[in-house]
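These are the structures in question, set out in turn.
In the two complexes that follow, chain A is the common piece, with chain B as its partner first and chain C second.
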Partner chain A sequence: MRQGIKIGLIGGIIEVLLALVGMVEAFSQRYIISDVISMGQTLLLVVAMFTGYLAAKRTNRSEPLWVLANSLISGLIIGGLLSLLVILGSMVRLRAVFINASPDLFKLLTFNQGIGTGILLLLIFGTLSSSLSGLLFLSPSLLRGVLIRSLAGVAMAGLLQDLLRAIFAPWGPIAEINQWFFPINGLTVQGAVSLFILIAAISYFWRKSGSKMKTSLRRLPPTNQRVLRITSSFLLAVILLALPQILGLFLSEVLTIVGLFVLLGLGLNIVVGFAGLLDLGYVAFFAIGAYTVAVLTSPELGFLNLSFWGALPFAIVAGVVSGILLGIPVLKMRGDYLAIATLGFGEIIRILVLSDFLRPWLGGAQGIAKIPRPSIGSVEFATPQQIYYLILAGCLLAGFISWRLRDSRLGRAWMAVREDEDVAQAMGINLVAAKLLAFATGAGFSALSGAIFASKLGSVYPHSFSVMISINILCLIIVGGMGSIPGVIVGAIALVGLPELLREFAEYRLLVYGAALVAMMILRPEGLWPEAKRRQELHREEAPEIESASGAASGK
Partner chain B sequence: MRQRWEESIKVTDILMWLIGAAILALIVSGSIATLAAGRYTSRHWFDFIIFGLAQGSIYALIAMGYTMVYGTLRMINFAHGEVFMSGPYTAYFVAASLNNSGFLDRQPIVSLLIVFIVSMATSTLIAVLLERVAYRPLRNAPRLVPLITAIGASFFLQYTFRGLYGSGFQAYPTVKILESPMVIGGFRILKFQAVVIGAAAFLMISLYTFIQRTRVGKAIRAVSEDKEVATLMGINIDRMIVTTFVIGGMAAGAAGVLYALMFKQVHFFMGFVPGIKAFTAAVLGGIGNIPGAMLGGIFLGLVESVGPSLFLDGLGIVAPYQLKDAIAFTLLVLVLIFRPTGILGERLAIKKA
Partner chain C sequence: MPMLEVENIHTYYGQIHVLKEVSLSVEKGEIVTLIGANGAGKSTLLRTISGLLRPRLGSIRFDSEDLIRYLAHEIVVKGIVQVPEGRRVFGQLTVMENLEMGAFGCKDPKLIRTNLERVFTLFPRLKARSKQVAGTLSGGEQQMLAMGRALMANPRLLLMDEPSMGLAPVLVDSIFETIQRLNTDGTTILLVEQNARMALQIANHGYVLQSGSVVLSDTAENLRANEMVRKAYLGEM
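== the complex of A and B ==
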């Protein structure tokens, strides 16, 4: 009972915060299911259900009635706290302090029904949603898995409707799918129901016979397996090449941004993920790459007027050299000192670029414009759909290099430095060389990304290179899984691609990033797609800790 | 192999000292050129110094929080700048309503006290919540984990406050009696600058006495000395850690109001740069060392306000004041390279490894 109250209070405070920060209202513009449930309501519902589930899970007694009572109480408290907010909002002008406590928010929270009925509805919905998830907790695991997966699938389909709609739109008869599922804003009711049944059926089938299929696949003769692997990678290549044509202009633009961040992430992954050197000034190399291209190519300053391809090697060399130069002073620093020193470097470079002092060379606050676009022969990379191929080539190159480096002698040296510097040194690893090479490689990738970024935009401004970019990249490699190459891609899609698709989200991007960093570190430090070795390590570390904890408990 | 390694470390060492010497030469030649040009009178320098002292004592108060948390937990509380921001931003609404009702003009001292209390209470609350939610579960995690968590918490707090209070600059109401200048020994000082310096000095002295003289202060020092032995002596570690967060939060909240008195505006991003600078101050004085943090803060404030005119003006650099943050960050990097133990540093850098 106490647990239910405590967890309910936490959940309720989170919901009130979500409402006051303005997320609920901002997200209400987009419907998950047309005219039935909006994204803002889904957000509240998800939190309530999660709270109810947690309350059920944390119950000390195993009788189903107690479990249910606990989740019910937590839901009641959530409803109660939201009602308190509504009552308070009707008595005091909360908006004087909390700018998002608008009449629209209260209308949303009371389901447009006035205070009395609204509060009743809030309480009912709170209790209902959390006790439902209490029931879900009590149901057998097969049913629970299938239900959770289908609910999540429907929510995702509603969330990504723009993406899915754009994918299906140009395919003639298949475009009919759009009409069935999402004609305007959100899924239709029949679309949601059929999607739910479809996912439920698939995941039921997978649960029942998925492992059997996997083993039969593994039992195939080696030649067949190779054919399978080659065809699947061929398919992947075809999809990657055709992607901008499938997705159209707007989504290709999103794709190029994701690609630039993948490139940046791959670079920082070498520095932070492989070598364990927390670099918070990573954006500096991005800026150096972009500015080298800008200074060398733009006719506005008129130094050299090189073409993009002429300037690109200089940009990468400038990145690598500055990586080494900024690496030398921090060689002896560890952990948090290194992080702060690199943060300082990043800021120094931004301030210098912004200053009037260097204006004749770097353009000051106005930046540098008129950067020519790259071209091969007579083909110019002008639209996002064309630039995509340039970025794809860069990503493939960087991905290939970091994949080969990871298992090389140098890669193993980096991991040794990451795990324990002193021991690595004792084993004969040249710390100076290993660290400098990590900084240099990472900086090179970053400069490449910066160079493409500059020519994609056609101009560079100091404001594009704030510390937020560093944090952004750090966030995506941590969410994806430190040291994992596919993790970088997953992280970039989740943290850069998704916010670009959901424009309402833009304002809350860093709020969610911050929360994600904290949550990942506490709940899942290995990331979404961890490197296999790292996962083992983290779980091996956990086991003895539990043992020693129980040992201490029994010792008392 | 070993010899080669030693050689390479020597080469980088020599390089570092060369860079250091070059920066020193720049500073000296710049200062001489500036003084020789005589563009600034002693009045100017005095104003710079007073401004630097006021700014520096604010840094010093924030730096106390960094240093104490580092002392007990051995982690950089990256989100401390946001603890600093949360107080004055919340107190702004109290100050504005006091101003609107005219109470601020009638009872300026009482109003200021109310604003201080609200700000300190908010900052303390945020600091304690931060410790409970984000840091306590990670007490024994690898070193990078709490730092990354702190960075996450920092951005979470910034943008939560942005969502709650809005993204614009809010103009802090001015206290009229503090706006006029006063004359001490022939020099003019703005009254609010004097108040900032005086209040900060009072707070620092009382905090220092608290740490040095009381039982709780002794317990905190014991925890930062050696956690295990402190436990054996019957000290509740968790409670002491929370106490350091409470003290750090109170100091940051007070510093926030002083900051608002000086710069007359609050913003959700206002904690970031002062936070990093206060960290610089803490490192300057030797992190984990409380008097060091005070000294470091004041030193940093002075360098930042005197530095641009003194070092850079003589070198013919346009608009040197734009580069004042660059000076602070360069100082940070230089200290981290050449003297990571700080001015008064205890040799923590070795102990922690």
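== the complex of A and C ==
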């Protein structure tokens, strides 16, 4: 009982905060299911259901009635706290403090019904949603898994409707499906229902016979497995090549941004994930790469007017050299001290390129423009769809290098340094060389990303290289799984791609980052797609199959 | 000519003078033990020999070669390998990977294989758990792994820092048996131990360290009989 109250209070406070920071209102314009349920309402619903589920799970007694009572109470508290907010809002002008506590918000919260009925509805909403998830918790695990997956699937389809609509749009007859599923804003009711049934059927089938299929796959003779692996990587390659054509202009643009961050993430993954050196000034190398290309190619400054390809090697060398130059003074530093020192380095570079003193060479606050686009022969990489291939090539190269490095002597040395510097040294590892090589490799990847970034935008400005980029990259590595190469890709899609797609999130990006990181640390500390070994520490049985999966995804 | 000769070294942690004019020598094939209270400088001495710390004054010679000009990772290749205090295995790597890390400085695959076999005969437990993540091993197994990892580096002189720390009495016995066995196999051992009774039983020579200086050095037998040692370190009245 006490657990229910406690968890209910936490959930309720979260909901009130979500309402007060304006997320509920901002998200109410977009519908998950047309004219039935908006994204804002879904947000409240998801939090309420999660709270109810948690309350049910934390119940001390195992009798179903107690479990249900606990989740019910937590829901009642959520409804109550939201009602309190509504009452408070009707009595005091909350807007003086919380600028987002607008009349529209309260209309939303009371379901447009006035205070009296609204509060009643809120209480019903809270109790209903959380006791539903209490029921869900009590139901047999097969049913529970299927239901949770289908609900999440429908919500995701609603969230990513723009993406899905764009994918289906150019395909002639299939475009009809669009009309049926997503007319303009949100899923249709029949679309949502059929999607729910479809996902439920698939996940039911998977739960029933998925493990059997997996074992029979593993029992296949090695030659067949080889054929299978080659076909699947071939398919993956075809999809990767065709992606910009399928996705169209806007989504390709998103894809190129994700790709640049994957490249950055792969580099930082070597420094932080492999060698365990917490580098918060990583954006500096991105800036160095971008500015090297800009200075060498832009006719605005007119130093050398090299082509992109002429400048690229210089950019990478500049990145590597500055990685080593940063590495030397911080060789003896560990942990927090290293983080602070590198943070300073990142700021130094940003301030240098911003300074008036260096303006004749680096453009100062105005930056450098007119950077030519890269081209091969007469083909110019101008549109996002074309730049994509350049970035893809960069990512594949970086992915291949990090994959090979991970299992090399150097990779092992990095891992030993990450685990214990002293012992690594006592095992015969040259600490200085290992650390400097980690900094240099990471910086090289970052500079490559910066070089492509500069020629993609056609201009560079100091404010593109703020410390937030470093933090972003670090976050995506943590969310993806430290030291895991496919994890970087998953992390970049989750933390860079999704916010681009869900424009409503833009304002709340940092809030969502923070929440996502805290949630990750509690629910899945090893990351979304962790290295096999990390996972093995927590779940010992499932290790072997992950190995092959991560191998395939890292671009074999 | 002793295998290892430490002469009048002074080691500092920043401003703090830890080792004051310490001298010590280890003959080939011996077990030499360092005993002393907490903070006497035993671990500091080992870390100075293995190159993790640098003495300000004095000399360290190994096979008549000056060691001080070498870095820690080069000293490993010379044949001095340390089993660090508190085991310090690489917790997120598997047992096998830990052992492979031990052979980092060794470039002869045949030798690595022989060493691996030797480690697995000494510690069959490690073979059974070779794919397990080292952080999930028990304390005793981690100590075995730390010793095995050091053996993979092909040591001629093994520096062991408190191998019995935090282990159950039964395990302590077996660890000491292993140390003796390594010694009869031809490895010279410099052993730091708080368990002075056990250490003096298996050692040939002993040094007593007190606040950074050697106050007593003799054969283990004589030390066991020494009045001061018996009172201060063996707990006899």
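Going forward, the second predicted complex is superposed on the first by the 534 of 556 C-alpha atoms of A that agree within 3 Å, B and C clash if a C-alpha of one lies under 4 Å from a C-alpha of the other, contacts with A are read in each partner's own complex, and residues count from 1 in each chain.
Throughout what follows, contacts are C-beta pairs under 8 Å (C-beta built on N, C-alpha and C of every residue); 3 or more make two chains touch, one makes a residue touch a chain.
Everything numeric here is computed off the predicted structure, so don't read it as measured data.
When the two structures are aligned on the shared chain, A:339 is found in touch with chain B, with no touch to chain C. Once the two complexes are overlaid on the shared chain, A:478 sits against chain B while remaining clear of chain C. Touch criterion met: A:431 reaches chain B and chain C at once.
Looking at the shared chain after the overlay, A:21 reaches chain B, while chain C stays out of its contact range.
Of the two partner chains placed by the overlay, only chain B lies in contact with A:522; chain C stays clear of it. In the superposition on chain A, contact is made by A:278 with chain B only, not with chain C.
Which of chain B and chain C touches more residues of chain A is settled by the count: it is B.
Shared-chain residue A:415: touches chain C; no touch with chain B. Of the two partner chains, chain C is the only one that A:423 touches; chain B does not reach it. Note: residues 422, 428, 430-431 of chain A belong to the chain B contact set and to the chain C contact set alike, using the contact criterion stated above.
Within the complex formed with chain A, the residues of chain C that make contact are 50-52, 71-73, 76-77, 81-82, 84, 88, 90-94, 97, 100-102, 104-105, 132-133, 135-136, 149, 153.
For chain B in complex with chain A, the residues that touch the partner chain are 1, 4-5, 8-9, 12, 15-16, 19, 75-76, 93, 133-134, 137-138, 140-141, 143-149, 151-160, 162-166, 276, 279-280, 283, 317-320, 322-323, 325-326, 329-330, 332-333, 336-337, 340, 353.
Across the complex, chain C is touched by residues 409, 412-413, 415-416, 419-420, 422-431, 533-534, 536-537, 540 of chain A. Those residues of chain A whose C-beta lies close enough to touch chain B in the complex are 17, 20-23, 96-100, 276, 278, 280, 328-337, 339-341, 343-345, 347-348, 351-352, 354-357, 359, 422, 428, 430-433, 471, 474-475, 478, 507-511, 513-518, 521-522, 525, 545.
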